[in-house]
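Look at the two complexes coming up: subunit A is in both, with subunit B in one and subunit C in the other.
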Partner chain A sequence: MIPIIGLAVGVVLGLLLAPSVPLGLQPYLPIAVVAALDAVFGGIRARFDGIFDAKVFVVSFVSNVVVAALIVFLGDQLGVGAQLSTAVVVVLGIRIFGNAAAIRRHLFRA
Partner chain B sequence: MSTGQGPTPQPPPEDGAPAEDGVPVEAAPPEDAAPALDASVPRRRGRDPLAAVLIGVLTMLLGFAFAVQVRSTDTEESLAGAREEDLIRILDDLTAQQERLSQEIFDQRTALDQLGSSGSDSAAALQEARERTEALEILNGTVAAQGPGITITIRDPEQGITSSVLLNAIQELRGAGAETMQVDEVRIGVTSAVTGRPGDLQVDGEDLKAPYVFQVIGSPQDMATAMSIPGGVVSSVGRKGGTVDIVQSEQVVVDALRPLDAPQYAEPDDGD
Partner chain C sequence: MSAPAPGRQRSLGASLLDQVLAETLDPAYAQAAATRAQRTPGDGVPPGGTGWFGRSRGQLLVALTLLVVGLLAAITYREAAAGAQGREVARQSLREDIGVESEVTDGLVTQLEQLTGEVTRAREQALAASAVGQRALDQLAEAELAAAISAVSGPGLRVTLGNAAPSADSDPVGGSQEVSGPGVVQDGDLQLVVNALWASGAEAISINGQRLAATTPIRQAGKAILVDSRPVTSPYEVSAIGDPDSLANRFVLTPEASTVAELTADYGVVFNYAEVDDLDLPAGTAAELEFAGPLDPAGAAAGPGTGLGASTGVGTDPDPTPDGG
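So, the complex of A and B:
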């Protein structure tokens, strides 16, 4: 319940405040969002598996975001930022798919 | 990531602190960590207020970032944060698009110029076409015509005038510049034929009755002269026992019409 409320409040705040993304953050924000989405899906899956742990969720959330941003940042320093951010998105996308499939099996038994 | 802290719900502050410190090094998604947590799962179900707050804050941050990112992707602001290579690609795309568009403008402008010039030409062309149509209609005999010309009356009391004599007369008149003519009530066109026996002549299948009256539009003097030359129409009719009256007039009306037969095989050639 808390995550859903938090998500809703965050979306509403973002829409209401409508801040512009700082220039330095702009390449990293979408990656960070995707990484956080991956953590959230992993959390939902763990919840269905009955092994959800708040600490693990928090740690994985933050670490996902930071590592994803770090990879892209390193890529930018090396001149392969675009490719690396694509790689990160692909990997995270695959994981989100996998988690979504697990969630689906729990929900629909199929 | 120490599962040792799991069973003890009392020290929540340490729960959050090591997590943030350990983040960049050992990033572990929930399912990776699942086996290690097996022992702690049952008692962990109880609500941990700090964890709940953290989860709430993190998901709120996610929602916030999501909304902000979606908004900034919607607006063109996203260009400001784009990478150099992305910007170069975007610039290339735009340049190519601009080239395409300016080529299109050039084409359209050329077409516009052509249309504009042909617009002013078309009035003159239409006028010319109309004049040509009138000339052809008169030549074909599909409209009535009037103008200076002559009326020729060929009497044939002995019924000796043959088709060739009439045909000769028509050829002579044409040679003398006749523009259009009719014999009795039959308009002479480019395909007109004179047939039949003396006394029972036909032009284009229509019976003629003596005297044969030619209404001819053209230069009266030229045609009158052409009729009267030695060996011409007047003398040949005379040899057959007939007479020719030629009346020059400023106003001859040729009002017999010919049906226009559509060509069955020939088609206009658009080549020129």
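So, the complex of A and C:
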């Protein structure tokens, strides 16, 4: 229950406070969100599997976001930023889909 | 995902894909669970938390992380929405700028017409008093007619040239209604028609209400065709005043007309013409002479009209579009 409240508070804070993001960081926001989504879906699935672990969740979230942003940053420096963004989105997207399917199996037994 | 058969070499790409598809859950969860299962019997650590991560502390951390997730998502959403909004705002302000500047231009044109009218009236008042002045006025009217800076009317030919209709199999969803490629009328096509009309004996020509004077350009700027530096759009109506008996016949027989007719056959360009009994053509803009002056000022004043034949000077000019192409 507390985590869901945290999520809601975060969304409301982000919409209300409307913090301005430095221009240099803006390209990494969408990728960071996709990486965060991957961590969240992984956590939900682990919870259904009964192997959820707070430490693993927090570490996987932070590392996911940082590594995804880093890959895109490196790609930008090397001139393949768009392609690497696509690669990150594809891999994370597949994982999100897989985890969402597992969650669905848990919820609906189908 | 079935594991690859032992001994059979999988390609790197396939094994990579297998791994991505099979391992959707971070293996660290399973490891942590295994560690916990080992410890639980002896340590008495409550299930759901590892050693130094107390259960409530862990929940708090998860909540904090999710708060960051929500914050991140909301900020990203706001940025994306603001970006789209900003583009729309910029486009809207550009559109308004265009409208404002167009109004300014229209106002200036109206002012110019007004002032020109005043000048003309003042000149007429000054010259109409004397017989010499009256004669000069007549000559001036003739010259203005020849230079296409006074409105004229008469019988003639109306040639319509238009872009081809969009093809039936063009994409109605993603594609625009605009025709592209060979079905679009080019400035050269209009020039062909205009030249053919001049050569057929036309005395005055206008395109979509833009009168053609001796040096009026017909040019292409991007997708738009400019006549006298003002944009005209398809369908292009070329109105020409000339001998009603011969203009149409001579026009049809010109090589230019058959070239344009071929465009119709090949690319579907709209091309037709009709004889009209009464055409009204507006006045054109005069070419400003900045450097050229009369060869002999005294002679020009004493024996005017020699070089300014009213009906022939413009009518036989074969190329009224020196800037074209």
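Note that in this section the second predicted complex is superposed on the first by the 110 of 110 C-alpha atoms of A that agree within 3 Å, B and C clash if a C-alpha of one lies under 4 Å from a C-alpha of the other, contacts with A are read in each partner's own complex, and residues count from 1 in each chain.
Everything below uses one rule, namely that a residue touches a chain if its C-beta (ideal position, glycine included) is under 8 Å from a C-beta of that chain, and two chains touch if they have at least 3 such contacts.
Remember, it's a predicted structure, so these values are computed and weren't measured experimentally.
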Handout entry: Combined model on subunit A where subunit B meets subunit C, clash or fit
Key = clash
Practice task
Classify the contacts of A:91 with the two partner chains as first (subunit B alone), second (subunit C alone), both, or neither.
Solution key: second
Practice task
Would you sort A:81 into first (subunit B), second (subunit C), both or neither based on which partner it touches?
Solution key: first
Exercise for the section: Report for A:29: first if it touches subunit B alone, second if subunit C alone, otherwise both or neither. Expected result: both
Practice task
Tell me which partner A:43 touches in the superposition: subunit B (first), subunit C (second), both or neither.
Solution key: both
Practice task
Kindly classify A:66 by the partners it touches after superposition: subunit B alone (first), subunit C alone (second), both, or neither?
Solution key: first
Handout entry: Superposition clash, subunit B versus subunit C, among 25-33, 223-231 or 241-249
Key = 25-33
Practice task
Once the two structures are superposed, pull the subunit A residues common to the subunit B and subunit C interfaces.
Solution key: 2-15, 18-19, 21, 26, 29-30, 32-33, 36-37, 39-40, 42-43, 45-46, 49-62, 95, 99, 102
Problem - Contacting residues of subunit C [partner subunit A, same complex] - result: 20-21, 23-26, 28-30, 32-33, 36, 48-50, 53, 57-80
Problem - Footprint of subunit B on subunit A - complex, ascending - result: 2-15, 18-21, 23, 25-27, 29-30, 32-33, 36-40, 42-43, 45-46, 49-64, 66-67, 70, 76, 81-82, 95, 99, 102
Handout entry: subunit A - residues contacting subunit C, complex
Key = 2-15, 18-19, 21, 26, 29-30, 32-33, 36-37, 39-40, 42-43, 45-46, 49-62, 65, 91, 94-95, 97-99, 102
Handout entry: Sites on subunit B touched by subunit A in the complex
Key = 1, 5-6, 15-16, 19-20, 22-24, 26-31, 33-34, 37-38, 40-41, 44, 48, 51-52, 54-69, 71-73, 77-78, 80-83, 85-86
